[in-house]
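These notes are about the structure you will find just below.
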Amino acid sequence: MFDTFLSDAGEYLPVLMQGVLTTVAITIAALLIATFLGLFWALLRVSGIRPLSHASRILTNTIRGVPIIVVLFYMYFVLPELGVSLNAFQAGALGLGIAYSSYMAEVFRAGIDAVDAGQYEAAQSLGMSRALLMRRVILPQAFKIALPPYGNNLVMMLKDSSQTAVITVVELSMQSKLIAAATFKSATIFTLVALIYLVMSLPMMYGVGKLERSLGSRK
Amino acid sequence: MFDTFLSDAGEYLPVLMQGVLTTVAITIAALLIATFLGLFWALLRVSGIRPLSHASRILTNTIRGVPIIVVLFYMYFVLPELGVSLNAFQAGALGLGIAYSSYMAEVFRAGIDAVDAGQYEAAQSLGMSRALLMRRVILPQAFKIALPPYGNNLVMMLKDSSQTAVITVVELSMQSKLIAAATFKSATIFTLVALIYLVMSLPMMYGVGKLERSLGSRK
Amino acid sequence: QQPIIKVGATPTAVPFNFLDVKTNALEGVMVDVARAVSKELGVTPEISGIPFATLIPSLQTKKIDMISSAFAKTPARAQAVDFSEIVLTYKEALLVPINDTTAYRNYDDLKGKIVGVQMGTSYVEPLKAVQGFKELKMYDTMSDLVRDIALRRVDAGFGDGPVVAYQVRTSASKQVRLVDTYQSQLATNIALAVRKGDTEMLAKVNAAVAKIKQNGVLADILKKWGVPQ
Amino acid sequence: MIKIEQLSKSYGAHRVLSNIDAEIRQAEVVCLIGPSGSGKSTMLRCINGLEQYQGGSITIDGERVNAASAGIRPIRQRVSMVFQRFNLFPHRTALENVMEGPVHVKKESVAEAKERAGDILASVGLAEKMSHYPSQLSGGQQQRVAIARALAMQPDAILFDEPTSALDPELVGEVLGVMRKLAEKGMTMVIVTHEMKFAREVSDRVLFLDGGRIAEQGPSEQVLTHPRNERMQDFLRRVMHTE
Amino acid sequence: MIKIEQLSKSYGAHRVLSNIDAEIRQAEVVCLIGPSGSGKSTMLRCINGLEQYQGGSITIDGERVNAASAGIRPIRQRVSMVFQRFNLFPHRTALENVMEGPVHVKKESVAEAKERAGDILASVGLAEKMSHYPSQLSGGQQQRVAIARALAMQPDAILFDEPTSALDPELVGEVLGVMRKLAEKGMTMVIVTHEMKFAREVSDRVLFLDGGRIAEQGPSEQVLTHPRNERMQDFLRRVMHTE
C-alpha cells in the first residue's frame, strides 16, 4: 500500500513539480498585486475623504462577495470583448490579485485602525504631512498588527491559485487533475497534492510566525 | 443584450435557486462545525497545557496547509474505508467545517490573546475556575474582537462551499456549471451566479458590521 | 418494488448526459441508455450527476453501481473498472474560428498552432504526444474552449464529434466553424462500467446492452438525440 | 489573619522577594510602600494566589495559599483584590460586575445578589450608576465599582494594588474616601500606595519594601515621619517631589 | 508670541471653550490648571492646530493657526507638543524618535540631525539609552525622550499636556527636573499640570480654566496661594487631598 504510494509518487512528482512552479509564480504575482491594491483600498478607506472611503468600502465589499472563479472568468473570457486581451497567466494573477486585494484591504484597514490615535497626533505635531505620517509612522505599525491575518490570507491565496485552472493555467491542481484523469489513481494523487501544498504553506506560516515574533520583540 | 440576459436569468433562476438552498444549508452546517471546532482548537491552544497547545497548533496548521478539496475528498471517499460512511451533504459540511475550523481557531486565538491580561486576574481573584473565567469573562470579549475576521471567514466559507461540488453536492456553483454546459451561455450564467453570491454575502457583511458596531457601543 | 441501481453520469456533456434546464433533471443519450438497460435488468435506475474526476472513486466506494456517461473505454481505465461491451463509438471533431477557411485534414496541418482540448476526453494523451503544436491548452468545459476559439486565443480545438456537432448546431456561437475536411483518427468507445471484479453484474449488463442493440431501442435513442451511428 | 513566613519568590533567576516575614491581623490596615520594582505588587499577588512562590509560606487563617491547587479558589473568595487599572468587565454593567462573583462563584440567588449589589453600590455613592457600562464611568467611579465588586464577595480582607494611581488627581479623593470608611468599619486591608498622607492617616502599620526585602516597618506615624532607613528617607523625598 | 483672542470651540452642540483671551509672551512659562473636562487639553490642541475652532483666533507671531490649512505644518514646527502618554514611535529607537522630525520634516542631513539628537538626549540624561526602543525604557525615560523629540525641532515654544500624570510618582521628579531646566534657559512653555508645587515654583503665570472659561488668572504665587475664585479654592483643595 505505502510502497505503491511511494513508487507512484516518484513517477508523478516530476510532472507535478512543473505545476508547482506555476503555482508559486502565480501566487507571488497575485500576492504583489493583492498587497499593493489592498493597501491602496485601505488608504482610500481611511483617507478621511467621504466619497473616496465610501467608494472603497462598496468596491471591496462587492469584490469580496463575488466568487474568485467568476472574477477569473471575467478577466480571461469577458475582458477581451472590451479589447483587453490577457494571457491565461496574466489574467490568473490579476484576477486572483484583485479578488484577494479586498481581503487584504480589510486586514490593512483593521491594522491601521488599531494603531493608537496618539501616534497620529504625535506625528502631526511634528509637522508631518498626511503622506509622511502614514509612511513613516502609521503603516510600519499597522503592518505589524496586520501580519497574522495577512499570513492567513497568504496561505489561502496559495491554495486558491488552483482556481486559475479554470482559465487554462496549468498549475499544480490542474496538473494533478490531468494525471488523475489519465491514471485514475485519484486518492494517491490527491494525497500527494495535499502534501505538496502543505510543504509549500508550512514555511510560509513559519516565516510569518517568525516575522511576527521578531517585530513583536521590539514592542 | 441586457434583455436577453434578463430573459435567460428568468429561465435559469428557478433551477439555480435549488442550488442556493443547498449552498445556504451547507454553509450554515459548516459554519456551526467550524465555529465550535475552531473554538475548541483555540481553547486547547490557550489552555496553558503544553502538549495540548502544541497538538492544537500542529493540527490546525496542517489543516490550514491542505487544500479544502482534498479534505472533502478524504471525507467522502476515504473515510468509508475506515467504516464511516457519510452522504455527500454530510461529508461536505463536515469537510468544509473542519477545513475552516483551522482558520476560525486562529481568529479566536487572536481574539483571546487580545483580551487584557487584567481581565484574567480580576476573574481569578473573584475565585472563578478556569472554565467559568473563560465562559463569563474572556470569551464574550474575545468574540467581539474576533468578529471582523470571523465575518471575513464567513463570506469566504460561503464561496468555498462551491468546492463540495467535487463530492457531488449539487449546490449553486455545480448547478450553474451544469446549466452552462447544457446551454453554452457561460458568461450569462457566471454573471448571474456572481450576483447571487453577492446578494447572499452582502447581508452577511452588513450583519457582521452591524453586530460589530452594536457590541462596540458598549465599550 | 424493484431493486434500485445507482447510476453515475457527468452531466456536462451534451448530448450524452446533461441537465435539462427546464426540468432540472438529467437528460441525454447515456441517460436514456441507463434507463433502457435498467429496464432489461428489472431494476429502477437512480441517476445522479458526478463530477468527472470522481466518477471512478464513486464507483469504487459504492456511491454508485454503474457509470453510464460519456466515459470512454481505455486500457488505463480498464485497470480500475470493468467495462461492458461497447455501446457506441464516435470520433473527434475539429473546430476553428469562423473566418479560418483552411481545409485542415490532420495534425500536420496544425503545426505551429495553439490547440485546445477539453479535459477528461480521451484525446488529451494522444494530443500531448503530438510534436509541433505551439501550445496545447486544456479546458474545463467545451463552452470555454469554444469561447477561446471565438476570441482567437486558440487556433483550433478538439472535442467529441457529437458534442461539438450539437453545440455548433444549437448554440448561439456563430463564430466557430466545424472543419468538415478533417479526418478523424481517434475512435472513442463509450461503454458502461461496473465495479472491478463484479463479473455477475457485468454479464447481466452485457446481456442487456446486446438486447437493446438488437431490438432497436439503442438506435431509437441515438436518433432521438441526433447522434450519427 | 494573613501570615507570611520567609516568603521568597523568583522569576527565573531574578529574585523578586527575599525572606519576607509579616503578619496582618484582623481589622488591621497595613500600607505597603517602596520604590518601583521593589516587589510590592508581587507580594500582593502572592497573597492572592495569582503567583506561585518558591520558598516560605503564606497562610490565611491557617490555610496555606498555593496558586497551583484548586483549594486557592475558596481562599480567594475570602481575600479580595482591587487592581490599579480597575479591571472591570467591560461587557457588563456596574451592577452586573458586582453581582458576577456572588451569582456565578458563590452561587447565590440572582435576586438576593442583586439586592445586595445595589446596596453596596449605593454605599460607595453609585446608586445612580448601576446600569452604566464601565466605559460610561469616570476613573474614580470605575474604581469604586471595583471596590464594590470586591466587597460583594463578603471577604475577610481586601488587597489594594495602587488603587488611585491610575486616577486623575481630582478623582483620587473619591476612592480614598471609600477606603477610609472601610477602614473605620474594621475591614482588614493591605494597601500598596504612594499617597503618603493617606497612608499616615489611615493605616495602622507601614511596611517599606526595598529590593524584595522589608527594609523598615512599624506604626505608620512613626515610620513615615521619622524613617531610620536611608533608602526610605530618599524614597519619601522623591515621592513628595520636595527636591 | 502666542496670542489667543475670543477663542471658542464646540464639539457638535457641546461648547468646550468660550471666549478665551490669553497671551503668552516669549520666554514665559504659563501653567494651565482646572478640573477634568474644563477644556485644558482642548485649548492646547487648538494652539497646536490639532483641532479646528469655531470662533476667535489664535496667532503665533502673527500667523494665524488654522488646523485645516497646509500652512499649519510650518507653524507646528515652531510650536511643539509633549503628550501625557508620551506617544513615542514604538518601532524606532530613542535616537530615531528624536531624529524623525529634523530628518523627515525639516530635511536636515542625517549626520547633522544625529549629532544634535545625541546632544539633546544627553542633555536630558539619556546618553546611555539612545539605541533603546521605547518599550525598553521606564515611563520617566520615555517622557524625557518625548521632550527631546520636541526640542530637536528647535521650536520657539513647547506645549505640555499633563506630562507627568502617566508616570509613577517616583519618576515624576525626573521629568519635572528637565522642564525646570528648560524654563531656566528661557524656553516659552504652556503646561497643563496638576502638580501644584511645581506650578508655583516654575511658572510665571497661572490660568485657571473652569467650564471652558478662564475663571481666574495671574502671577502663580498669588493665584495659587490666595485664590479669589470659589471654584478654584474648591479645586485646589481636592487636588491636594486635604479633605
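A, B, C, D and E are the chain letters, set down in written order, and residue numbers restart from 1 in every chain.
Simple rule for what comes next: a contact is a pair of C-beta atoms (placed from the backbone, for glycine too) under 8 Å apart; a residue touches a chain by one contact, two chains touch by 3 or more.
In UniProt terms, the chains line up like this: A, B = Polar amino acid ABC transporter inner membrane subunit; D, E = Arginine ABC transporter ATP-binding protein.
All values derive from a computational prediction rather than experimental measurement.
Common neighbours of subunit C and subunit E under the contact definition above: A. Leaving out subunit E only, with every other chain where it is, the touch network remains one piece. Under the touch definition stated at the top, subunit A and subunit E share no contacting partner at all. Compared on C-beta pairs in contact, A-C and B-C come out with B-C as the pair having more.
A separation of 51 Å divides the Cα centre of subunit A from that of subunit D. Spacing of subunit D relative to subunit E, judged by their CA centroids, is 34 angstrom. Rounded to whole angstrom, the centroid-to-centroid distance between subunit B and subunit D, based on C-alpha atoms, equals 45 Å. Across the assembly, subunit C contributes 53-54, 57, 144, 147 as residues in contact with two or more other chains. For subunit B, residues that reach two or more other chains under the stated contact definition are 73, 77, 186-187. The chain pairs satisfying the stated touch condition come to A-B, A-C, A-E, B-C, B-D, D-E. Across the complex, subunit B meets subunit A through its residues 61-62, 64-70, 73-74, 77-78, 103, 106, 110, 148-149, 152, 155-156, 159, 162, 173, 186-187, 190-191, 193-194, 197-198, 200-202, 205. On the side of subunit A, the complex with subunit C involves touching residues 77, 80-81, 85, 87-88, 165-168, 170, 174, 177-178, 180-184, 186-187. Listing the residues of subunit C that touch subunit B in their complex gives 11-14, 18-22, 24, 48-51, 53-54, 57-58, 60-63, 141-144, 146-147, 167, 170-173. Residues of subunit D touching subunit B in their complex: 48-50, 70, 73-74, 76-77, 80-81, 83, 85, 87-91, 100-101, 104-106, 133, 135, 146, 149, 153. The part of subunit B that touches subunit D in the complex is made up of residues 116, 118-119, 121-129, 132, 136-137, 140-141, 144, 218-219.
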